[in-house]
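Written below as structure tokens is the structure these notes are about.
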Amino acid sequence: MKQYIARRVGYSLLSLFLLSVTIFLFVRVTGDPVSLLVEPGASPEDIENIRRQLGLDQPLWEQYWHFMASLFAGDLGQSFYYRVPVLDLYFQRLPHSLLLAAVAMALSLLIGIPSGILAAVRVDGFWDSAGKIFALLGLSLPQFWVGLVLILFFSVYLGWLPSSGSGGVLHLLMPAFTLGWYFAAAHMRLTRSSMLEVLGSEYIKLARLKGLPEALVIGKHALKNALIPVITLAGINLVVMINVAVVVETVFAWPGIGRLLYEGITFRDFPVVQGVVIIGGAMIVMVNLLVDILYALIDPRIRLES
Amino acid sequence: MPSPLLSLENLSTHYVSQQGTRVVRAVDEVTLSLNAGETLGIVGESGSGKSTLALTILRLLPAAARITSGRMMFEGENLLEKSDEEMRQVRGKRIAMILQDPMASLNPLFTIGDQVGEPIRVHEGASRASAWKRAIGLLRSVRIASPETRVSQFPHEMSGGMRQRIVGAVGISCEPRLLIADEPTTSLDLTIQAQYLKLLRDLQREHGLALIFITHNLGIVAKMCDQLAVMYAGRVVEHGPVSRIFNRPMHPYTRALLGSIPRMADNRDHLTAIEGQPPDLASMPPGCAFAPRCPEAFDRCRAEAPPEFTIDHETRARCWRAPVDASAKAAS
Amino acid sequence: MAVITPVTTDTVASTAPFWRLKGFPVIPVSILLLIAFVAVFADVLAPHDPQIGSLARRFKPPFWLEGGSLVYPLGTDHVGRDVLSRLIFGARVSMVVGITAVLVAGSIGTLLGIMSGYLGGWADQVVMRITDTWLALPALTFAIFLAAIVGPSELNIILILGLVYWTRYARVIRGEVLSLKQREFVRLAVVAGCSSRLIMWRHILPNVINSAIVLATLMLGVVIVTEASLSFLGVGVPPPKPAWGLMMADGKKGLMVGYWWLTVFPGICIMLMVLSANLLGDWLRVKLDPQLRQL
């Protein structure tokens, strides 16, 4: 058990290291770091200053050392556009992203789990087919297309919902649904396949042999087992959602982290782009680690294995 | 003679493919009966319909299967006329079944006590606490050491033999009249197998259980059973008391099965294997299903399926030779 | 349990041509072929120049609406360019970017997956750790980051998508190779003294090619969505080249005032192409490679 956790932690640290190296190298080697990291229109003296400050004339490993030192100090650089530290900007936008992700996650579970169960209990029935189409669309349709169609229908045609911005509950509905659909599809598929696997197991057969009512067989014996992987995925996806909402937040002008990334692109504000990518990647590595550890604590089978 | 606890009359279960074009007669015109407290062994190769027969009795068949004909009398009631809800109340309470794989039969996420006590709560409306107390008693009766601590543990904390006994405890929790055991010992090693069989026999004696023992191990049949039914391609080809069948098998298939048991005393270098393959249940030969592999088959066997001949009150066989052989024996 | 399950035989003989096979997705494949055809013959098919418009005829609606005409059957955009012609040339962008990006990702991923799975050891460790790390980055975010560094161009977008998506390939292919390694014919080849390079090339590669094809088809849909999203966010194929995602981004501003055709038509094109690729991929997955059903 301890060994298992130690190994997981080790892998995660390695991942974080590789992540930093990846980002560092892509910036220094592929592009021209000066043009990326120095404000457009800066004077030659400013450029020279920053070049020295970042140590761009020094060997790569030394530059990497600087890069990591400032990362650990919580310094992700200064936004060219907003003229505030990137980290401050990030935390300013984070609550909006969290709110959107939480609502989208709730929607995705509310849709995904019951429809996945229904599809598994009645394989090849109407709900299974309907669910398959819903999932295929959710996984195939680009989010900006779903978002724009929703705006066209609910804002332009019906005039019920505001097309952009944040504020009330009404502002949340369309972006949350657009973001949640994709994840609802993923959660539905996983619930269905995991439920099918569990329903074919011997202990479900034994539960039926015991003469338990079908509601108890499905609701107690099958569901608890089937939901373990779904909840795991949902936990990871909650963090993923915060970091992939760039399209949705752009379409609906939702002031979250995705929107920040979009602004970073349009204003050529490279420190913002880099900061969002670093924090996002680190967050996902960490949540994967957390989920692995929790899994080991909760699921007795893994506990035994290690 | 008292009426039997369970009697199956001309029972057939068929699997029908989705297009309805292929019919597999997994259980075909089976007639069997079993008295209270008796043990019936059912033997046959895999695919001979033994397990389907067991699931038919409990009416827990896969969606593709249909019980197409027959009667299933249990304690004077026809189980085939019961509604799904009534049938559910029979399962686990009056007829229980133990599955092949004890390791996978317990739900990994619930305690032993919860799972053993569950039938009691569902069928007898017992409270959680009293079901828990009964579960401890049941664990004790299946010879689990320190049941008070085991009861709140999870399946993965138990050995394979213990889990098998726990599954047995689940089976007898509501004191059923009939317990069906589907190859309950195949996954256990030999010493634990022997212990478990002894346990089943003890339980049977203590609770007056009738037992249906599904197996392909004739050695177990010899030790455990009173009656024996030999199944081949969905049909019961021979049925009678174990001692009679072992001494005087009527059906060539039974003889072949008995000939394939290895014995310590044998000096033969190889076992007599049964030549050929069991038939494809979806396209059965017109005559006797065993005819293609039967060393004694004659023309009629290949043209016409034999009916079930009743030789005497305890001997039945589906073989054209059976009545002839029987009268020849009687004459000599 | 020895429950007898009825044996269903595939009624179609294996000699039948593949488009006669059970459940062959006729409509999706037709759509993909149509898009490919349009992409190849865009110069002939497009009624107007996709990049030149005239402000005098901007925001013309489709022909069936009042003010529309058959000269611009699907209307014109905010600078007066013909929407139909832009859609036709957009098919070319999507096809070229989609297919080449999948080829790039597939080649890198298959190569590294085979080496990682077959050679094992530190090579495996390096590839798999990089794979794990890169998979932690959301694909679109990673692509945006790379596009922000190297700047958008058609070639760059292809390279970026290849770089972002090879990891998924590598992981699946590696898994297949690990199980292939245990098979008799590979062991025999080892015993026979074949070099590792020869075994990977002659024995392993042909056996993972099915999975690679299935993955490529499934990946095509994903790559096209990502390309369109990049275009939509303004870091994709640069204007004035007509990419469907870019057309939607441009059209978005007109949406609130009723110029719906600017977003709806490219949206339908993207949707049809992605759905078709995914349906074909799903079918191939079940048909060619039962091992990948869990994907």
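Lettered A, B and C in written order, each chain numbered from 1.
The rule is simple: a contact is a pair of C-beta atoms (placed from the backbone, for glycine too) under 8 Å apart; a residue touches a chain by one contact, two chains touch by 3 or more.
Keep in mind it's a predicted model, so treat the numbers as computed, not measured.
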Chain pair with the greatest number of C-beta contact pairs: A-C
Chain of greatest Cα-centre distance to chain C: B
Chain centre separation in whole Å, for chain C relative to chain A (CA means): 22
Chain centre separation in whole Å, for chain C relative to chain B (CA means): 54
Interchain centroid distance [CA atoms averaged], chain A/chain B, Å: 53
Contacts with 2+ other chains: residues of chain B: 99-100
Contacts with 2+ other chains: residues of chain A: none
Residue ranges of chain A touching chain C (in the complex, touch as defined): 11, 14-15, 18-19, 22-23, 26-27, 30-31, 36, 136-137, 139-145, 148-149, 151-152, 155-156, 163, 193, 240, 243-244, 246-247, 250-251, 261-262, 264-266, 270, 273-274, 276-277, 280-281, 284-285, 288
Complex contact set, residues of chain A against chain B: 201-203, 205-213, 216, 221, 224-225, 300-301, 304
Residues of chain C that touch chain A when the two form their complex: 129-130, 132-134, 136-138, 140-142, 144-151, 221, 225, 228-229, 232-235, 245, 248-249, 252, 255-256, 258, 260, 263-264, 267, 270-271, 274-275, 278-279, 282, 294
Interfacial residue positions of chain B with respect to chain A in the complex: 58, 60, 88-93, 96-97, 99-101, 104-110, 118-119, 122-123, 154, 156-157, 167, 170
